[in-house]
Amino acid sequence: MHLSVQNISFAYGTTTIMKNLSLEVTDGQFVSIIAPSGSGKSTLFYLIGGLLQPQSGQILLESQSIVGKRGQVSYMPQSPSLLPWRTVQQNVQIAYEIRKKKPALSEIHQLLERAGLAEVAHHYPHQLSGGMQQRVAFIRTLAEDKPILCLDEPFGALDALTRTKMQNWLQLILKEEKRTVLFITHSIEEAILLSDRIYVCHASPLQVSHVFHVSIPMNERQKKHQATGWRELTQKIEEALI
Amino acid sequence: PTNEPTGEQEQTNIKEVKLVLDWTPNTNHTGLYVARDKGYFKEEGLNVSIIQPGEAGAEQMVAAGQADFGVSYQEGVTQARTQNVPIVSIAAILQHNTSGFASLKEKNIETPKNFEGKVYGGFGSPVEEQMIASLMSEEQADVKKVQITPIGNVDFFTAIKKNIDFSWIYYGWTGIEAELRGQDLNMIYLTDYAKELDYYTPVIISNEKNIKENTETVAAFMKAVSRGYQFAIEQPQAAADILIQAEPDLNGELVKKSQEWLSPRYQADATQWGTQKEEIWTNYADWMRKHGVLEGKFDAKSAFTNQFLPEGGK
Amino acid sequence: MNKMKTWFPVLITSIVFLLLWEAIVILFAIETWLLPSPYDILRETWEIRDRIFENLRSTFTISIFGLMSGLVLGVGIATVLYLIPFLQRIFYPFILISQNIPLIALAPLLVMWFGFGVGPKITIVMLICFFPIVVSTLDGFTQTDPTLQTYLKMAGASRWQRFIKLEWPSALPSFFSGLKLSATYSVMGAVISEWLGSQKGLGVLLTLSSKSFRTDRVFVAITFIVILSICFFIIISWIERFILHWKQNP
Amino acid sequence: MNKMKTWFPVLITSIVFLLLWEAIVILFAIETWLLPSPYDILRETWEIRDRIFENLRSTFTISIFGLMSGLVLGVGIATVLYLIPFLQRIFYPFILISQNIPLIALAPLLVMWFGFGVGPKITIVMLICFFPIVVSTLDGFTQTDPTLQTYLKMAGASRWQRFIKLEWPSALPSFFSGLKLSATYSVMGAVISEWLGSQKGLGVLLTLSSKSFRTDRVFVAITFIVILSICFFIIISWIERFILHWKQNP
Amino acid sequence: MHLSVQNISFAYGTTTIMKNLSLEVTDGQFVSIIAPSGSGKSTLFYLIGGLLQPQSGQILLESQSIVGKRGQVSYMPQSPSLLPWRTVQQNVQIAYEIRKKKPALSEIHQLLERAGLAEVAHHYPHQLSGGMQQRVAFIRTLAEDKPILCLDEPFGALDALTRTKMQNWLQLILKEEKRTVLFITHSIEEAILLSDRIYVCHASPLQVSHVFHVSIPMNERQKKHQATGWRELTQKIEEALI
């Protein structure tokens, strides 16, 4: 699954958000985007997801234009966006319903289990903590089962421990199923931990300023600061951001 | 599947007929209920259902053929015919107009002259003012000195409690209710002051097509109705009981007393119950036209017929 | 326990209200034909108990069928108009018009089309009932959370899926508020529809009693109209609470 | 430009509808007294144009004042009942009752209290109009986002502040849907109230015309009832759009 | 302003969330809480804020019980909770309105300016990015101007740069106005950077497992990993969490 964003421009009314932005995500790659708050990251996802249309430029998935086409990518929104009248389990189910697939309950339960949500499977969203809601949204996105995943700050409200758990889990899934991921995060650490490539952008308009290839081997990354090259990369990215 | 002839087979000869009333059932309708419940209609081969019309009167339904017969009043028929609504009056239920202007005794309204300076509670029809003017002009009184306040659907008794001095009622119903309540009324009957206001109210109507094409049915219907009213004339108490039986939600006491008052007035001085005179139709139409409450052409001859009364109303 | 807590104040207030009424009628010597006292009404109810039942049944039938068909029509119209905004622009005025045609003009036409049976009566109740449902449900659709819309759109949900899985559940609270209005109006609608020529029904009882100056019976009829209408309201509130149970705080 | 796009389809459809009506009346030779054609109605409107204006003004006055007082009453009752749930439990049944008392029973009492002036008529319209507002607004209050409630409570907002700054704005969409219903009913309410005795008004025109079989005039009256009612509806929709402008997507 | 939480217990229905939890925040201190997702941190704030009442135990502010008393602390919720019908500026204003104080427009503008929101002062929340909404919520909380601040993951959705900016700004304000802060975060780095004391808790029921005093001098902390003692503390907290 090759995703190619080519020279897109977009404006809300008269406020230009992006101008000739280009990005590439090659098959099986994990690509992170780090950019200032309010720079247009979520907007970029809306464009890729077909919710909005760029004023100019192309968005190609496997060389096919997906401009204005919805349902091509699995998307996790920044705010959990759970349906308040559905329990946790039913909220995950909706991902199957949209594909008109009979949901295998065991499958859903396995997902819930892995995210530590088995106990609250029959709770309503308003009975969950912020972090739990985010986890539900995350597994719902996994359940959408599209070849490319667009994750908008998936681990934003999670504590360090749960976060590490979820990150490991994500890596595990990616190893098994080899999905392509476009990942928005504001944590440099998280970006290095998970990515093959990191786009650092600046705002107004949103524009890629630096691209970093993460060459630290996967099995070394767990060590974080102790891993060779970690600290240097962190510093470089921090500098790129300023 | 073959339809076995059954005992009900002969009932196919019975004709379904619909009759629409002008108002809620009251003693004006007693003859109709008697004819139905004593089986007079059955004897003529008719099965009559009596329908209450609510707010939308009977005339249009009869004209459109949704109902075969209806109860109306002369003014209604006159107005309808000028608008090409093809209804015809086939019998007068009461020979004389029993309506008039009623007021509480203590208001001392004894003649139309006393209307001056008083408040009249009307239901908003332009005919009313002309009516009052007609009566007052007999005594050289000025209608301009009467204050007309519309009271709409508010009943007479409520109205006279609230700064209304006199109002237009049918004595046979509202007047009798006043008697029951022990409320003394002064009554000024229209007929006592203006002959042309002695119009027929109520009347039984049918539509032109019915009259032309189903002559037998109409005749059969009227035969039964005549018998019904004859019975009501002769046996007021029994007739009242039939009405109460049929419409138990009516005020039984009122029905009985009203029936007693009304029974002798169905036929009154006429040779037969139900007959109508052309001059009455003409006079009232002329009066209406003179007072500007009638537009369009009106032919009295075609507005009514006595042909369906037993012996043709002779 | 909780039930009793809910009903007790209503009961007390009702009793106080009735006593007050009785007292006022007695104190000011208000005549029965103007305003009967609760005792008069009760006694008269007992008097005509047999007839009330069949009148009640007749009115109940008309109102329940009218409400049901109004519900179906209302939801149908709201759905179509919401999903096809073009039709909404076109037909909204006509729906408004439908609420402004007085019975007096409608009656002859309805009788023409449906005769004197139960058909035109149910039609009238339906015409009264569908309107609050359409207006409320249409407004309810606009209450949909745009964040959730965004998610479902991105997930590739079809228009119909979004409608069924998101917009319709979002509109439910408003829909129920419309339905409660309709239910309240359905009984009065049935009473009014009985003016279209009827033998039985609370409306008939009402008119006959009123025209023959039996104010006590008028109030008996009103009492049963009110009871019927409150029953409808309570049942719908129950259904609402059952369906929107996720809204209850734990 | 945008305006035209909105109005054009309505215009076209209305014209098509009127033409169809005219055609049906001509083709089936339907007589005027049963169903007048649009042309008949138009001609008659021109004929009685002078009288229509004063009738219209009278009905307009009643309905606008009735709607206004219904609005005030409705908002007031909804507020009180929402803020004091105890009162809601007690008085909700009585509000339902108010919607089930037929004019026939109410008229004498109203006349006793207010006489034959414009008072009882405005009261009737008010009684009709306050109800949808109460039901919708009360349901609207329950639409308040609990997250926002949590914040305001934690911030120490008083009950009244929470009501004014959070619950009331949250209920606004529902309130408007109730108000639109009320506005639609207000004109018919005014027409009906004119049965309580009136010299002028579309209701008077309607009854008189109907009684004298001037079906064309009946339809003239209906036309103006409908126009008045649609005007109310449009104006309220404008106000709604103005007040809820933050809901519009940019 | 001394806040003392003493032996409180709380349960949602039958689910016990906390049992005999005790905490202390002394005057002028900055205290952070790190705990797993869904463990009851937000619930603790609801208890302190008077929204919920503990089943047992005491909450004292300057030796006065504030159990069930609202409006005693400035609170920033986990989700922005902005009123959708108010512009950014009006949303900040509400903090003044609740105190029935005539809001000084210049004051609001200064706050907005500092949070980088001056340009969007007249935008509605739905026109803002997630991070911007969080910033609005943050300055609204500052505007509440209570002696004690309870912040529930205030910088959760912010990019590294904006986050650093906001953190610096928060420190600045604290230096100037000397407010007492109770801070929920899931970032160990952030906790060390800002806190005097860090409570690490475990879940079911929420219970303080470790307390760390951060003794790194304020002016050294900017250096983060380079600061003496930083790395050791990080490691200790990470271990405490597991």
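Note that the chains take the letters A, B, C, D and E in the order they are written out, and that residue 1 is the start of every chain.
The definition used in the following text is that a contact is a pair of C-beta atoms (placed from the backbone, for glycine too) under 8 Å apart; a residue touches a chain by one contact, two chains touch by 3 or more.
The structure displayed is predicted, hence computed values, not measured ones.
Q: Can you list every chain in contact with both subunit C and subunit E?
A: Shared contacts of subunit C and subunit E: A, D.
Q: Name the chain whose C-alpha centroid is most distant from the C-alpha centroid of subunit A.
A: B
Q: Hey, which pair has more contacts between C-betas, A-C or B-C?
A: Higher contact count goes to B-C.
Q: Can you compute the centre-to-centre distance for subunit A and subunit E, using the mean CA position of each chain? Integer Å is fine.
A: It comes to 27 Å between the two C-alpha centres.
Q: Starting from the mean Cα coordinates of subunit D and subunit E, work out the distance between those two points in Å.
A: 50
Q: With centres defined as the mean C-alpha position, give me the subunit B-subunit D separation in Å.
A: Taking the average C-alpha coordinate of subunit B and of subunit D, the gap between them is 37 Å.
Q: So, what's the distance in Å between the C-alpha centres of subunit D and subunit C?
A: Here subunit C and subunit D have centroids separated by 17 Å.
Q: Going through subunit B residue by residue, note those that touch at least 2 other chains and give them in order.
A: In subunit B, residues 56, 60, 64, 155, 158, 161 touch at least two other chains, as defined above.
Q: Give me the residues of subunit A that touch two or more other chains.
A: Those would be 12, 79, 127.
Q: What are the residues of subunit C that contact at least two other chains?
A: Residues 34, 104, 108, 112, 146, 207, 210, 250 of subunit C each touch two or more of the other chains.
Q: Across the complex, what residues on subunit D touch subunit B?
A: 31-34, 103-104, 107-108, 111-112, 115-116, 194-199, 204, 207-208, 210-215
Q: Where on subunit E does subunit D make contact in their complex?
A: Touching subunit D from subunit E are residues 45-46, 49-51, 70-75, 77, 79, 81, 83-85, 94-95, 97-98, 124, 127, 144.
Q: Could you pull out which subunit B residues touch subunit D in their complex?
A: 56-57, 59-60, 63-64, 76, 79-80, 83-85, 121-126, 148-155, 158-159, 161-164
Q: Which of the residues in subunit D end up touching subunit E in this complex?
A: 147-148, 150-157, 161, 165-166, 169, 244, 246, 250
Q: For the complex, which residues does subunit A have touching subunit E?
A: 12, 34-42, 78-79, 127-132, 135, 153, 156-163, 186-188, 225, 231, 238, 241-242
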